[in-house]
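You will see two complexes here that share chain A, one where it goes with chain B and one where it goes with chain C.
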Partner chain A sequence: MDYQDDVVELRIPRKPEYVSVARLAVSGIAGRMDFSYDEVEDIKLAMGEACTSAMKDVAPEFAASPLTVRYEREAQRLTIEVINPGGARSTSKAPESLPPDEPISRLLMEVLMAEVDVFEDADRNLHVRMVKYASREDE
Partner chain B sequence: MTSVQAETPTQEWESQDTTELFRELRATSDPDRQEHIRDQLILMHSNLVRYLARKFANRGEPLEDLIQVGTIGLINAVDRFEPDRHIKFSTYAVPTIIGEIRRYFRDKGWNLKAPRRLKELNLAANRAIELLSQELGRSPTYAEIAESVGATEEEISEALEMGSAYHAVSLDTELSDDSEAAKSALMDLVGETDESFRRVELFAQLKDAINSLPERERKIVYMRFFKELSQTEVAKKLGISQMHVSRLQQKALNQLKEIMMRAE
Partner chain C sequence: MDFSVATKDAALANGQPAVVAEVVGEVDVYTAPRLKDRLLQFEREGKRNIVVDLAQVGFIDSVGLGVLIGGLRRARAGGGTLVLAGPNPRIRRILDITGLSSAFTVVQDVPEALEALNREVAGSKPAAAQGGT
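Entry: the complex of A and B
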C-alpha cells in the first residue's frame, strides 16, 4: 500500500482528559506500522508529554484555542506534531523555547524519539515536531 | 487548567545545592564525606526517579521494579556527572535513568510478552462486559469496565480496539517459538514464586525494623517511602526544616540498613 502523504489531524480542547485521545490515535496509527509494542508505547509517552506541556504553556488570550495534533505516516517513518496556538515565546528564539519549567518533558521526548524539533511560526504557534523511524534500532 | 499540573513533580532536585554538592564530592578526598554526599545526592533525586518510573508504569511491570532500575540509572548518573560541564544534573540524569528503565523492558523480552498482555486485557475486558451486562441489566460504560478489571479507561479503549490487531501481527512469532515461550514462562513462574517468598520474609523483617524506630523517624520513613511525599512536604507536616528531615531520614535509613544486615 502507498502511505505517502497519509495525514491524520486532530483538534483537541486544552483539557487533560483529551491527552488520552491524542495518545490513542497514536496507537491506532503506529500500531499498524513496523513498530514494536515498546516503540509504540514510547511514541505515546512522547505524545502525552508534548500535549501536556502545550496545554500548560499558552498566552492567556489563546487559552480557548484548541491544540492541533498531526500524524504523518510514511512507509518507515512516523512524524507527530503538536501545534500550540499562542504557545510561542516571542521574546526568545532560543532553541530551548519550550517552557523553562518543563525541561524534563523535553528530555523525555528527546530520549524517546529519533528527532525532536521545536519551533515557532509567524502566527505565534509553537510546534513540537517529533519523528520516529520504524524497523531501525534507535540506540 | 490547573489539573494539568497534577502530575508535575516537586522541583526538589533542581535545587542549587546540587551543583555545590557535586563540586564538593569531586573535591574532597575524605571517603566518609564522599559516601555521605553521594548518598545525599541519590536521595535528593529519588523523586525524579519516581516521577519518570511512573510514566512507564502502564506497561505491565510493577512500579517498584521500575523505580529500582531507575535508581540504578540515577546512581550511575551521580557517579559519572561532571559538575563543570555546565549542564544541569537533571539534564544529564534523565536520559540515564530512562535508558536504564527501557533497557529493563528490552532485557525482559518485553516485546514478545507485551502483545500477550494486551490480548489478556482484551479478554478480561470482554469478560467484564459480559458479567457487568448481566449484573447491571444494561451495557456497561468504559469507566465501569476499567474499574472492574483494574485498568484505566484509556487502556480499555486500546485493548478493545487493538487487542485483535496486535494478535494478528504477532501470530507467526508466537506459533514458531511457542514451546520456547511456554518454557520461559514456566521458568519465570518458578523464579517468581521463590522471589515472592523471599519478599514476604524481607517485608516482615522490614516491618519490625521500622517499628523499632523512634516515633518521628518512623513517621518520616512512612511519609517519604509509603506516601511518597517529598522532604519539603514532610518538613511542612512535621513543622521542622527540610534539612532536619533529610538528616533524620538519613539516620533512620542507616538504622534500618543496620538492622536488616544483622537479620540477613
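Entry: the complex of A and C
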C-alpha cells in the first residue's frame, strides 16, 4: 500500500489536558503500522514528552497559540513533529531556567525514538521532529 | 480518563506512622499536580514514610517522575523515605532508562513496600545527620 501522502495534522490548545489527545492519536496511527505493542507505547511516551515540553516552553505573547502535531506515515517509518509557536529558545527561556524534568523528558525522547531533531525556524517556532522505524518481525 | 489518589494509613514495626498512596490512572502533565498535592499534604502532616502504589498506573511521563523525585527528596529530608510498589514492566523500564530505579526502592507490592520501609527506617540515621541526595 502507498502511504506516501498519509499525513495527519492535529492542532491542540496549549493546555495539559490535551496532551493525552496527541498521545491517543499517535497510538491510533502507530497501532496500524508494523510496530510492536511496546514500540507503540514508546512512541506515545515520546509524543507526550514533546508536547509537554512545548506547553512549558513559550514566549508570553504566544501563550494562546495552539500547538501543531504532525504525523507522517510511511510504510516502515513514522515521523512525528510538534510545532511550538514562540517556542524558539532565543525568545522563550534561557536554558538554565528550564524546568527540572526537562532533561528527563529529552532523555526519554532520545532513547525511545530512532531520531530526534530540535530546531527553530525564522518565525520563532520550535520544531521537535522524531522518527521511529517499524521493524516488527514477531507477528 | 479517571485519575485518583487514595490514601491509607499504616504503621511500621517500630510504631512510626506510614502512609500508602494508591494511584489509579495515567500520571502525566495534567494529572501529576494532583499527586504532588497529595505528597505535599503528607509532608505537612508529618508523614515521612510513604509508599506510592503504582499497580494501577498504566502510564507515567517525565512530569510524573519529577513529582515522585520531589516526594522522595522531601521524605528523606524529614528522615523517612518513599518506596514505589507494583509498577508494571513498562514503568519499570522507564525507571531503568532514566536511572531512577537506582534512586528509588522499587518492589512488587504494598506489603513488600512496607517491609522495605521497616528495613530502611530501622537502618536510617536521624534526619539531621543525613546527607542530601
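Everything that follows uses one rule, which is that the second predicted complex is superposed on the first by the 124 of 139 C-alpha atoms of A that agree within 3 Å, B and C clash if a C-alpha of one lies under 4 Å from a C-alpha of the other, contacts with A are read in each partner's own complex, and residues count from 1 in each chain.
Rule of thumb we're sticking to: a residue touches a chain if its C-beta (ideal position, glycine included) is under 8 Å from a C-beta of that chain, and two chains touch if they have at least 3 such contacts.
On a predicted model such as this, the values are computed, not experimentally measured, just so you know.
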| item | value |
| --- | --- |
| Fit-or-clash call for chain B and chain C when the two complexes are aligned on chain A | clash |
| First, second, both or neither for A:9, with chain B first and chain C second | neither |
| If touched residues of chain A are counted for chain B and for chain C, the larger one | B |
| Partner chain(s) touched by A:63 [first = chain B, second = chain C, both, neither] | first |
| Partner chain(s) touched by A:52 [first = chain B, second = chain C, both, neither] | both |
| First (chain B), second (chain C), both or neither touched by A:121 | neither |
| Touched partner set for A:28, first chain B, second chain C, both or neither | first |
| Contacts of A:41 with chain B and chain C, given as first, second, both or neither | both |
| Segment of chain B intruding into chain C (one of 113-121, 185-193 or 239-247) | 239-247 |
| Residues of chain A contacting chain B in one complex and chain C in the other | 16, 20, 38, 41, 45, 52, 55, 101, 104, 107-108, 111-112 |
| Touching residues (chain side chain A, partner chain B) in the complex | 14, 16, 20, 23-24, 27-28, 31-32, 36-38, 41-42, 45, 52, 55-56, 63, 101, 103-104, 107-108, 110-112, 139 |
| List of chain C residues in touch with chain A within their complex | 1, 26, 28-30, 59, 61-63, 65-66, 90, 94, 97-98 |
| Complex contact set, residues of chain A against chain C | 16-17, 19-20, 38, 41, 44-45, 48-49, 52, 55, 99-102, 104-105, 107-108, 111-112 |
| Complex contact set, residues of chain B against chain A | 1, 3-7, 9, 11, 48, 51-52, 55-56, 58-59, 88, 90-91, 94-95, 98-99, 102, 105-106, 110-111, 114-115, 118, 153-154, 157-158, 161-162, 165-166 |
